[in-house]
Each structure stands twice: as structure tokens, then as C-alpha cells.
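A, B, C and D are the chain letters, set down in written order, and residue numbers restart from 1 in every chain.
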Amino acid sequence: MDFSNFLMMHQELGLLSIFVILLFFDILASGTRYMRWFRAVAVGLMSLQTIFGFFPMPEGAAFGGMYVTSDLTVLMKNVLNIGTLIVFMQAGRWLRQPENSIREGEFYVIATATLLGMYLMVSSGNFMLLYIGIEIASLPAACLAAFNKYKEKSAEAGAKYILMTALSSGVMMFGLSYLYGAMGTMYFADMSLGVALEPMTILGFVFFFSGLAFKISLVPFHMWAPDVYEGGPTATTAYLSVVSKAAAVFALLLTLHHVFGGMAHVWYYMLWVLTVATIVIGNLFAVRQKDIKRFFAYSSISQAGYIMLGVLHGTEMGLSATIYYIFVYLFSNLAAFGVIASLENRSGQTDIAAYNGLYKTNPKLALVMMLAVFSLAGIPPLGGFFSKFFIFASSAAEGDYVLVFIATINTVISLYYYLRIVKAMFINSPGEDSVGPFKTDGFNRASLVICVAGILFTGILSGCYSYISAVGFGLIQ
Amino acid sequence: MVTMEHYLIVSSIMFFVGVYGFITRKNLLAVLISIELILNSVEINFCVFNRFLYPEHMEGMFFSLFGIAISAAETAVAIAIIINVYRIANNIDVRHIDKMKY
Amino acid sequence: MNILSLLVIIPLATLLLLLLGKGQKYVRGVVVGGFGLLLLSAVILAVLFLHERAVSDAAMLFVADTLWYAPLNIHYAVGVDGISVVMILLSAVVGFTGVFSAWNMNRDFFAWYCLLAIGVFGYFISLDLFTMFMFYEVALIPMFLLIGVWGTGKKEYAAMKLTLMLMAGSALLLTGILGIYFISGGTTMNIMELSQLHIPMTHQYWIFCLVFIGFGVLGALFPFHTWSPDGHASAPTSVSMLHAGVLMKLGGYGCFRVAIFLMPEAAHELSWIFLILTGIGVVYGAYGAVLQTDLKYINAYSSVSHCGLVLFAILMLNHTAMTGAVLQMLSHGLMTALFFSLIGVIYSRTHTRDIREMGGLMRIMPFASVCYVIAGFASLGLPGLSGFVAEMTVFVGSFEHADMFHRVLTVLATTSIVITAVYILRTVGKVLYGPVVNSDHLKLDDAHWYEKISAVALIACIVIIGVWPSGVQGIIYDSLAPVMKQLTLF
Amino acid sequence: MGFTVFIILIPLVMFLLLSFGSKWLRPRAAGVIGTLGMTIPALLSYYTAYRYFLADAYVWPVWGPINTFSMEWLRFSDNLSIEMGVMLDSISIMMLVVVTTVSLMVHIYSLGYMKGERGFQRYYALLSLFSFSMLGLVVATNIFQMYIFWELVGASSYLLIGFYYTRPEAVAASKKAFIVTRFADLGFLIGILILSYYTGTFDFNKIMDVEADLAVTTMAGSSFLGLSAATWAMALIFMGAAGKSAMFPLHIWLPDAMEGPTPVSALIHAATMVVAGVYLIARMFPVYLFAAPDVLTLITYVGLFTALFAALIAITQTDIKRVLAFSTISQIAYMMVALGVSGYGGDFGEGYTYSMFHLFTHAFFKALLFLGAGAVIHTIHSNEMEVMGGLRKYMPITHITFLIACLSISGIPPFSGFFSKDGILSAALRYEPFVFGVLLFTAGLTAFYMFRLYFRIFWGVDRQYEKPPHEAPKSMTIPLIVLAVLTCVTGFIPFSFYVSPDIRPYEVYIHWPVALSSIVVGGIGIFIAMWFYRKASDRPAHLAAKLSGFWKAAYHRFYIDDVWMFITKKIIFRGISGPVAWFDRHVVDGTMNVLGTGTLKTSEAIKGSQTGRVQTYAVVFVLSVMVITVLVLVL
């Protein structure tokens, strides 16, 4: 047996070791004073993992093409790493709360496990591995959603998530089975050659697609997302809305163009309609939300729609724009969730009303939140503006001006609800629900600094996009 | 003669029965069982396709095995969560878990 | 280091300096210093420009070009022609005077104010569609907070409406810009280079509409002007000044720099639609102002009318009328800034803007009142003040069209000057003249020194342009030559 | 004669000096400086007139225009630009003399009249501004320069009428004056636009070059609504002139403008600004004559109607300044008629010549009348005839000078009014007897109402005054005397020698049949007035009662003001502006708001789809998958 295949899996192995280390740390140190180092260790290890991700790595396939790694997948994994790292940094304060402290380690361990699943999703060269990756990524995520053991909402979120994810994985597997039936192989490379416009293939494809769309929370497969985002712990919500979504987008991007590129004209209109529906429905629901987490759930649904603009056309530009968009979206959304987490930890409030007058009580948090929502809304000179521009450009480059037009008009609606948050923080005066001045914990602050730096500089400095663009080049057939 | 189509009809019926069960059952556990039906129908599909169409490889069979394992894991997690729901709400009626909506 | 970049860097530096301290004195010092420096560099730029113009015949001067995003050919490309220089001077003057009108504001206000200035100056110096668009949005968004936080009345509604409408405009614009870029071949975003490329006619139609309406929303194009009355009425003094004085000019400037310049054929073909709209806007704004009772509403409608004239003149597509359009932008900018600054002075003392509750202010605050009368005269186009020069150039230019359509519209537009007289004199008569309505007003004091600086500086500019128009007119006229050439190519 | 530019610039400097220095100057000092400042342009004007007409006479035998100064002010396009300059020809020099003289007199007079008034410095500053604007208008080399100064005189008139800005009537009057003239100026502007488009120039000399005949040749081909471009242009320009010169139906502002200080009325609303319209028509006379003769006919009949109409109203007014105001309207209409009936070349240019002559003489005697009335008002503190009477004993100088002016306006020789009116009548007779007849009748009315005024102020009831009236101070009587002297002597100037439409001198003689008829009619008017008003009696009341319908209508100025009020208030304000404002707020803005609220409403309406139940989600999920599959398969 040739173990050299494993050497291709640097990152997975690294992550696996982190998983094991944390698991044993948790088992051994649980209940002891060493536990207080846990967060630092987790963050430290995750940072190492992130940093190592940026070192050059060999490209290639392993296990007969079941596993594929390339600069592109490494880049995608790096994006996931950064997101996870930031979530780790933000989760600490919440996990130290008395009712959770006994399970502090579990969070990191489970999250690491889901990340591993996402790695596999991104790197898979075979639908079986992809499926396994998706399941590894989603089953533990259900645990994360139900992590607040004593909160009804959390339990409800967990239940909804696990049921829906099971259903979707059933549907997806059903689709996969038909794809298998039609083509006799599960390997991407082989399947892409055999894609034919048979009803069975199309049926299989649509069923398979619904599974990923579910994870990306595209309309009409989005309905779980608001409930789970609202009910789950904030760190989980952040994780689901950014990292999990990103992984699914990456997987979709790769499969759509690598495997189903031959039937692009079939899924193009489908995806087009879903994209528009996602943007519009996400926006329409977001405008009247009162709970900030639910609000961000809908906002992230509509953001997913924007991301689809890049996925729609499998061009080099669309690919780079998508990754770039996700990269910026990651910083923006996590900045927002960092602030939400701080406030929630402090007061237990997730009402938008709690943000009234935040600028007067906690100006820095308010500013971070403002930058975050402005970036999400696409206001220059923040990263979101550039990412939106590039993603629209990628669509316009293919002449799809109608879609661009619809999307840009929808940014106005999204601006409305983002401005509602800004208005609450800056214009409204503090009400009785508002939080008094307080200090955020160090890790969270550091994470916010990273996010703000990301928001501010990913756009202005063109290096980021150029890097992504350079890596993405040539990987699309 | 039992052809592939017969198997597929069975599995499709199972799939839709599962879906139907998911949609109509009140009890969370029953819903979970419906999911198992869906997953099992898929596994039948894989096996059947493998056996009838592509007997030279074992891909479909392996997929079924993995699928069984994963559905077991899924059930484990789901039951854990359902227990938690029961502990908090004293109820496992799926229609009662609708605190969050709109 | 390019002198143009300085115009963006100075407000940026001011913004950063503001973040360092909080004391009122410190803030005032920094802001006055910053905007004074900005004004100075604008003046220096103008002088250098004239100097350079004499020896160079390039369309754009002080050009600098740095590659920014290679995949989309986005450059940080800056350069100015006479029109940009004029607009920069206008912005610098209004920005500077606005500082004095906002004398008692706190640091946060000025921070947003600086951001606004960054956007405005960046916009006027940009040659690259992307950077231009970016600065455009940078200029729009601070408005939300400036109005929302420091405004009066229905400020939240007004701020939201203003921001959303303007952003909707910029959404159209974004689509249009992408269209221009890709349909012209996707090789450059530089306006000057794009002007050499040809956009197929079928595409020009829709792109022109998008871009023109997109910019037109900010330029108060009927019927997309309704953000203006509410927005202006709710905004604090100096924000109204900057917004009506400078920001609305971004619309007009963009209309001709992008819409007309890059899509001359569509401009020829479609101008009639927009001419009708703007023609309506000119008269409609004036009529709308007549019965208003809020000083700021009056001025907002008047802005609709005057800015309508800008777009109207641009769409006339001839050299004289376009010169008039730029002059009108300049003139309206100064004049409306003056108006708002004085309304601010009055409001800060009487705490009302309802003209029915005021009267006889001339005796109580003579300085402010006299300035108001001057502003009124400028607005109704009295010779010797800038408004006359601009309006006359527009009318004379518009009348150069030989066909009845343009002529009849021109005549209709000229009727606005009578209506303007009606509402201006009505306001002046009610507010400044007559007996004192509210005896509490007798105790009020006249403008403070900082408010006086603001008013005097603006009046000086208005008078200079009004008395000696040929200087600025010449610069504009010459700079329009490339645009005209572009228009006559087709 | 480059110095002529200073005639214009000095008042401007005075304006700036007085307005910026008002804080530091004591009122008296400001007045004196202003007056001295006005003296210099006056002297320069006289010198200019002397040089042009007498000393140099280098333009002989043609009084051709000379541009002594010119600079480009604004360039519209490569061939169209506005120049600022000084053009001297006979009528502009005549106007220079008139304007500077009357202005100087008013400056001096105001030293006494306005003494102690609040805003004394402002008053003098505005007077200087007005003088500047008026002089600039007079010497304009091109029609656009004229328009510019035309607007400026309008503005200074506005400011001066509203001098007593705390009085609502004054504010309303100033507003009305400005807006009405502005409306008329709109016509002027459009006329300029049309004219300049076809001729490609604003320059008077080029437009009116009879040989080149620019206007006629270029505008012949185009027409609009059946009228030629030239007719349109010139008719619209006449609209501007009619507004400034208070021709029916744009005359409504002038009577109200009497709310301003009386010296201002004398200067602006009697002697100078209001005749600017006549001056404009005279300036463009060749164009009217050759390119748009129809418009000249229009001018004739509008003028004729206005003359009669205003005279009828003047008979019934009781406010002495109103009487004078309507008299002014009537007299200006005379000038208009004269222009309208004029021909070209030699004797045929008589109407033109005498129009200008009447303008010249009228300026002095009407200023005199106003200033005299001012002196009365100054001491009585009222404008109403009812409270006056028997003042001849108290104010001898005022009385005599006023009488001279009255005789002059009534056309009694040897006062100047006789000569100028006579020429107009004879020109009218040459044109059409009907016109002549109406003018003659108007002359009689003029004599009647002027002497009605005279008798009621200085004769009539001998009233007992609480404070005995007194003669005006020196500063006021000196201008009266000067103007009275001018009224006596100016009639003897051989005007036709200097002013004619073809700028070539010619000779005219008094047409005695016409003159006699005019004298007789004037005498009858005076006699009737004497019979009615010499002593207190109930004859006027009887007459008024007999003619009550007419009397009331005339007293209310034939309700023209009400018609205008109806048009502005009801139609423009309520009918257009109100609906526009409503439309904007509710329809245009409403649409925008509906877009916003519509989104929110939709959002509210569809919220139910998110039921919160897993099973709904599953239904949606599975159904969507099915539907998509089917759709993809089918499509």
C-alpha cells in the first residue's frame, strides 16, 4: 500500500491532528484549571493551520482521483480557515459562560470536525467523497446549533436543522443515485465526459443540486436558515452563515463547472431564476425583521444570491469574483456577528432595539457594525463595494445585464435594511433595551480588528483580488 | 422476471412514502423514521444500479455502505437533539417546534 | 505626487487628524485648517491649470495613471479639464464656507463632512469610470448620517429617502457603467480612451438611459427629484449647502462627462425625451416653490428648477448651452449654498423656517437679510450676479437650435425666471420686509463672525462671476471643445 | 471721448462706497457725498453734449453713433458675444443729460426731503445704483447690454419702492413692480433671442444698419403662427418696453410704485426709468419700421388707448401721487403713439423726433410736479387731496413752480410741454385723424386733471392746519426752481435739428392749426377745472354722482388690477402652483413612497410563508425540487 497519497492531504492531516489534539486536551483537561488555556490553544492551532495554508503546496490527485488538491482548493480552504479562526476567537466569551463552560472544548472540537468535512467537500473528486464531506460538515453543525442546551430556541434550531439536513441529504443522495445510474461512475472526471441530456441525468442533477442549494440557502431551499440562525448560538450562526455557506458555494462552483459544465444551458436558466428569487426573497424578508440574528439570516440569504451571480457563469472572472466576494463577505459578516456576540454575551439581547444608541454607549462596536453593514451593502471604499462590483462585472461580462440590473436594484432594498441598523445605532437614542457601555473581551476584539482590517483593505489594496484572480486562472476548463 | 424497473419502482415508492411521512407525521421520531425510509430507498437505488447496469465495479455498493453508516450517525445526532427538545419542551410534536417563524 | 491627488489626501488627512482629538477647539482648528488648505490647493490648481493650458493642448491636464485592478483594467486615473477645475473650485469654496456655517458642530459631524469632501473631490478628478463611481458613492453615503443625526424635522424619513433614491440612481449607473465597459470591448475604463471607442447603437440606447437617469436622480431630474425637498429641509445647514451646492452638481457633471461624452449618438437620439422631462422640471420646480411656506422647501424646489436647467442645457447639445450648463452649476452651487447658509442663520435664531411666522427680519438682522436679498437676486437672475450669466448663456445657447421643438421648450424654460421672481420676492417680502411678526424676534442678534465669513465669501464669488464672467466662461468654453467634437462626429 | 465711461462708473463707485461705508458714514455725509458724486456725471454729460452737438460736430451732417468705449463682457459662441460699451448718439446723449440732471436734482432734493429718515445712507446708495444702471442702459451699445441694465434698473426700482420696507403696502408695491416688469422682460428676452439668432449679433449698429438691412433680410423667410420672425421678435421686445413704460395692460405696477419715497417717484417713475421703454423703441426704430411695421401699428394703438385710459383714471384719483402716476402713464403713452405714427426721413420722422422731445421735456416738468408734490406731502404728511387746500399762501415757491409744470403739461405756450406735444399731435394728424382726435381729447383731459390737482392743493378749501404748513427747505426748493427754469426754456431747443430717425437733421415749424387747437383744448380743460375746483363747491360731487358708474370704475382703475389679481392669485397661485405642489407631494413623491411602502407591505404579506414548521419547509423543499425538475425537463 502506498501511503504517499496521504502526503497530498497536508491540510486535512493538519486539521485532523488539531482535531485529535483538541479532543484529547478536552478529555484530559476537562474540569481542571488547564481548561482555561483551551481557547488559546484552539485559536493558536487554528492560526497555525491558517498560516500553513498559505505555503505553497503540491497540486495533484490522490486515491485514483477521489481526492484532488490544487492551488484553487487550497485557496478555498484558506478562506474557510480564516473564517473558522475568527469564529473561534469570537466564541470564547460565550463558551465561558457558566452554563456552557463544561462543554467549552466540545465546541472547538466539533467545529474542527465540520471544517474537515468542508475540506473534503472542496477537495473531492468523487461524489462519494463529496457526500461524505457534506455529511461530516452538517451533522456536527446540528450539534453546534443545539449547543445551548438549556435554551428552547437552540433546541428547536438543532431539531429543525438536523431534520432538514437529513431530508436534503436524502434528496441529494437520491439524485446521486440516478446520476450513478445514468453514468455508471461517481468520479468527477469521468462523469464530466458522460454528461448527456437524458431525463435521468437531469433529474439526478436537480436533486443533487438541491442538496448544495440547501446548504447555500438558496430560495426555495432556504427556509431552515432563518430559524436555525436565530435559534442557534451566535457563534454557530456566524459559522453557518459564513464558513458552511462558503464551503457549499465552493463545492457547487467546482461541481457545476467541472462535472455539469456540459449541460450548462440546462441549469443556467434554473440557476438564474433561483438567483433572482434568492436575492428578492431574502431582501423582502429581511426588511421587517426585529431580531438581529434573524435579520442577518435573511441578509445572508440575499447575499448568497449575489454570490450566485458569480457562479452562474463559469468564467475565470466569475470564479475569482465569487471567491473574492466570499472572502469579503466573510470579514463583513463575521464583524457583524462579532458585535452581535459581544452584545449578546453582555445582555442576552438580540433585538435590533437593543442597538438603539449604541454609538453613544459603545462607539467602537457601533463603528465596527456600521462598517460591516456598509460593506455588506456595498458602500465604497469598503471591501463589499469592490466585491459587489466584481461580481456584477463578471455577470455583465457575459452580457447578462438584466440580471445585473435586478441585482443592483435589489442592493437598494438591502441598503434600506442595513441602514436601519445604522440608524438604530447612530440616530436613535438609547432606550431601556439598550446596553450600557462595556468592554469586549480580548479575543473578540482581536477578531474584530482583523475583520475591520479585512473590510477596509481587501478592496482598497488590489493585491487581494489579484492573488485570487491569479490562483483561479487556468483552473476552469 | 424482476427487472431493474421493479426495484426502482419500489425504491421510488419508498422515497415518496418517506417524504410523505416526513410531511405528515406528528411525532418527531416518526419523522426521523421517514427519513430513514428515504435514505434506504436511495441505498436500494445504488445497489440496483450497480447490480444491473454496472456490475464490473462496486461503487454503488460502497456508496450504500457509506450511506448506511451516515444515516446511522444522523439518527444518533437527531435522537440526541430530539431528547433535548423533549427535555425542554416536554413534547416531541413536530408542530410544536415553531417558536421561530416569519 | 500629483497635485490632484492632494485634493483627496487633504480631506483624508483631516479626517484622520479629527479622529485623534475631540476638543471643540482642536476640531475647529483642524477642520478650518484642512478645508482652508483644500481651498488653497484648489486655487493653486486653477492657477497652474491656466498656466499649463496655455502651453498644452491635451484634453486633460495633470494626468496621472496608476494601475489598480488589472483584470478589469481599473486604474486610478486622474486628470482635469477646465470644467473639473471649475467644479473643484466650487466644491472647495462651498466646503470651506460650509465649515463656518457648521461652526458649532462636533467632531463626528466633521468627520463625515470630510468623507463627503473626499468623495466630491475624488469624483471631480477621476478619469476612470470605476473610481469615479466609487467616489460618487463615497460622497452619497455620509449624507445619511449627516442628515439623520444632525438634521431637524422628519430627519430619519428624509435621510432614508434621500439615500435610497440616490442609491437607486447609482444602481442604474452601475449597470450602465458595466455596460459601457464591456460593450465597448472591455479594454479600458478610462473615459478619455472610452470616448475613442464606439458603443453599438442598440446598446447606447439603454445605457444612455440608465446613466442619464442614474446621474439625473442626483441632478434633480423630474420626476426623480422628490428626495430633494425633504432632504434639504431636514439637513443641517452646512449639509444642505454642500448637498445642494456641490453634490447635486455631481449629477450634472456626470451626465455630460459620461452620458453625453461617451454616448453621443444616443444623446442625439434620445435627448428629446429628457429635454421634455427637464423642461417640465424647470417650470414645475419654480411653480412648486411659489406656495411653499418652509424656507428650505422653497429653496429645494428652486434647486429643482435651477438644476433642471443644468440638465436641460446639457441636453441641448450645443457648445453655448453646455457652457451655460456648467456656469449654471457653478452659479447655482454658490447661490444655493449662500441661501442655505443664511436660512441656517435665520433658523438658528428664530427656530422656525415657516415664513408665516417671521417678518421684518431686515431690521433685526440686517446683515443676514441683506445677504439673503442678494442671494435672492442671484437666484432670480439679476445681472451682475452669477445667475444671470448662467441663465442667459443657457437660453442663448438653447435658442441656437433652429427647430420649433427646442425653441418652444426654451421659451417655456425662460418663463421660469418670472416665477422665480415671484417666489423669491414673496419670501423676501414676507420674511425680511414688513412689520416684525413675532415680538420675541426683536431680541435676536445678527449673524456671528463665522457666519459672516461664510456669507461674504460666497457673495464675493457670486459677484465676481457675475461681473467678470468671461474668465470662467472662457475656461469652460474651451474645455467643452472635445465634447463638442465628440458630438459632431456623429 | 473716452471720459464718457466715467459718467457710468462714478455712480457705481458711489454705490459701492456708500453701501460699504454706510456703517462709518454719518447720514448727512453720505448724502453730501452722494450728491457730489452725482454732480460729476452731470457735468460730464453736459460736456459730452456740448462736444457732440456743438463743439466737435465732427459727425455733421449725420448724427452718427460713436462708440467711445467697448469691451467684451461675455462670449456666448464664436460669433455671438455681449459687449459692454458706451455708444453716443443724439438720443443717448439726450438721455444722459436728462438722467443726470434729474438725478442730481433728486439727490439735492432728497437731502431735505429724506432728512432724518432711517436708512438715509442706504437711500443714497440705491440712488447711485439706480443712476448707474440707468446711465448704463442709456449708453448701451447692444441690445443685451441694454437688457442687463434694464434688469438692473428694475432691481434698483424694486429696492427703492420698497425703501420703507416695514410698510406692507410698500413691500407689496415693490414686489408687484418687479414681477410685472419681469414678466414683460421675459418678452424682451425672448425677443432678443429671436433677433440675435437671425441677425447673429446683438449690436445695435449692426442690426439697424439700414443699408445692410440685416433684420429684414435674415428674418424674412421664417414665420411662426403666421407671423414673421421679425414681427414676433419686435412685438416681444415691445412687450418689454410696454412693461417698463407701463403701457396697458402692464401699467398696473406704476401707480402702486408711488409707495416709494416721492423723490424716487420723481426720478424713476416719472422722468427716467419709465421712459426706458420709449427709449428702447426709439433705439430700435429702424428695425420696427422696416422689418416689423405691423408692430408699430400695434404700438400706436396700445399707446393711444393707454393715453386715454390713464387720463380718464387720473381724473378721479384723490391721491396726488396717483394722479401724477396716471398722468405719467398717459404722457408716456403719448410718446409711444408718437413713435408709432412716425415715418422715416425728413418731415416724416417728426413723430420720432417729438417723441424724444416730449420725453425730454416731460422728464423735467414731471419731475418738477413730483418734487412739488413731495414738498407738499413733506409738510402735510399725507397724499390725499382731501386734507389739502389753500396751500399757495404757505408755500409760494412750490406753488409757482407747480403751476409752471401744470401749464407745461397742459400744453400752454411758451412752456416746453407745448412744443413737444404740438409736434406729436401734428405727427398724429399726418398719420390718421382718429389718432389725432383721441390725443387731442386726451390733452384736454390732461389739462383738466392737472389743474384739478393744482386747484385742490393750492386753492380750493382754505383749511386750518394743526401745524401750519411751511415752505420746504432750501435744499428742496432749489431743485424746484432749477427744474421750473428748465421747463420754461427747454421748449425752445430745435430738437429736429439733433434728433431724427434717419439721424439727419431737418427743420420743422410749428403747425399753428394744430397748436391752436391744442391750446384751446388745454384752455378748456383748465377752465373746467377752475370752474369745478377753484373754490370749494359741490360741483365735483354732483358730476361724480351723475357719472357714478363711470366714476367708480375709473376710481378703481377700471378693475384692471383686480383682473391681474385674479390671474395671479386665482389662476397662477391657486390654479397652477397649488396643484403643482400638491401633485409633487402626493403623486410624484407619493409614487416614490409607494415604492417603499409597497416593498414593506409585500414583505408583510409574504411573511406567513415562513411558518416556522419543519414540515412546511419540507413541502416547499420537495415540491420545489419536483417543479424545477419538471420545468427543466420540459423546457
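Basically, a contact is a pair of C-beta atoms (placed from the backbone, for glycine too) under 8 Å apart; a residue touches a chain by one contact, two chains touch by 3 or more.
Being a predicted model, the structure only gives us computed values, none of them experimental.
Undergrad: Touching chain A and chain D alike: which chains?
TA: Joint contacts, listed by label: B, C.
Undergrad: What chain sits nearest the middle when you go by CA atom centres?
TA: Chain nearest the overall C-alpha centroid, as shown: C.
Undergrad: With respect to inter-chain C-beta contacts, which pair, B-D or C-D, contains the greater number?
TA: Contact tally favours C-D.
Undergrad: Calculate how many whole Å lie between the centre of chain B and the centre of chain C, each centre taken as the average of the chain's C-alpha atoms.
TA: 65
Undergrad: With centres defined as the mean C-alpha position, give me the chain B-chain D separation in Å.
TA: Measuring from centre to centre gives 96 Å for this pair.
Undergrad: Can you compute the centre-to-centre distance for chain C and chain D, using the mean CA position of each chain? Integer Å is fine.
TA: Whole-Å distance between the two chain centres: 37.
Undergrad: Between chain A and chain B, what distance separates the C-alpha centroids? Give it in angstrom.
TA: A distance of 26 Å separates the two centres.
Undergrad: For chain B, which residues are shared contacts with two or more other chains?
TA: Correct list: 19, 22, 31, 94, 97, 99-101.
Undergrad: So which bits of chain D are touching at least two other chains?
TA: In chain D, the residues touching two or more other chains are 596, 607, 610, 612, 614, 618, 622.
Undergrad: Among all residues of chain A, which ones touch two or more of the remaining chains?
TA: In chain A, the residues touching two or more other chains are 159-160, 163, 167, 171, 226-227, 416.
Undergrad: If two chains touch, include that pair; go through all of them.
TA: A-B, A-C, A-D, B-D, C-D
Undergrad: Per the contact definition, I'd like the list of chain A residues that touch chain D in the complex.
TA: These residues of chain A touch chain D: 159-160, 163-164, 167-168, 171, 199, 202-203, 206-207, 210, 214, 220-221, 223-224, 226-227, 266-267, 269-270, 281, 284-285, 287-288, 413, 416.
Undergrad: Could you pull out which chain A residues touch chain B in their complex?
TA: Residues 128, 131-132, 135, 139-140, 142-143, 146, 149-153, 155-160, 162-163, 166-167, 169-171, 173-174, 176-178, 180-181, 184-186, 226-227, 230-231, 294 of chain A touch chain B in their complex.
Undergrad: Report the residues of chain B in contact with chain D in the complex, numbered from low to high.
TA: Those residues of chain B that touch chain D are 19, 22-24, 31, 94-95, 97-102.
Undergrad: Please give the residue numbers of chain C that touch chain A in the complex, ascending.
TA: Residues of chain C touching chain A: 68-72, 74, 130, 134-135, 137-138, 141, 144-145, 148-149, 155-156, 159-160, 163-164, 167-168, 171-172, 174-175, 178-179, 181-182, 186, 206.
Undergrad: If you look only at chain A, which of its residues touch chain C in the complex?
TA: Against chain C, the touching part of chain A is residues 317, 320, 374, 379-381, 385, 389-390, 392-393, 396-397, 399, 401, 404-405, 408-409, 411-412, 415-416, 419, 422-423, 426-427, 462, 465-466, 469.
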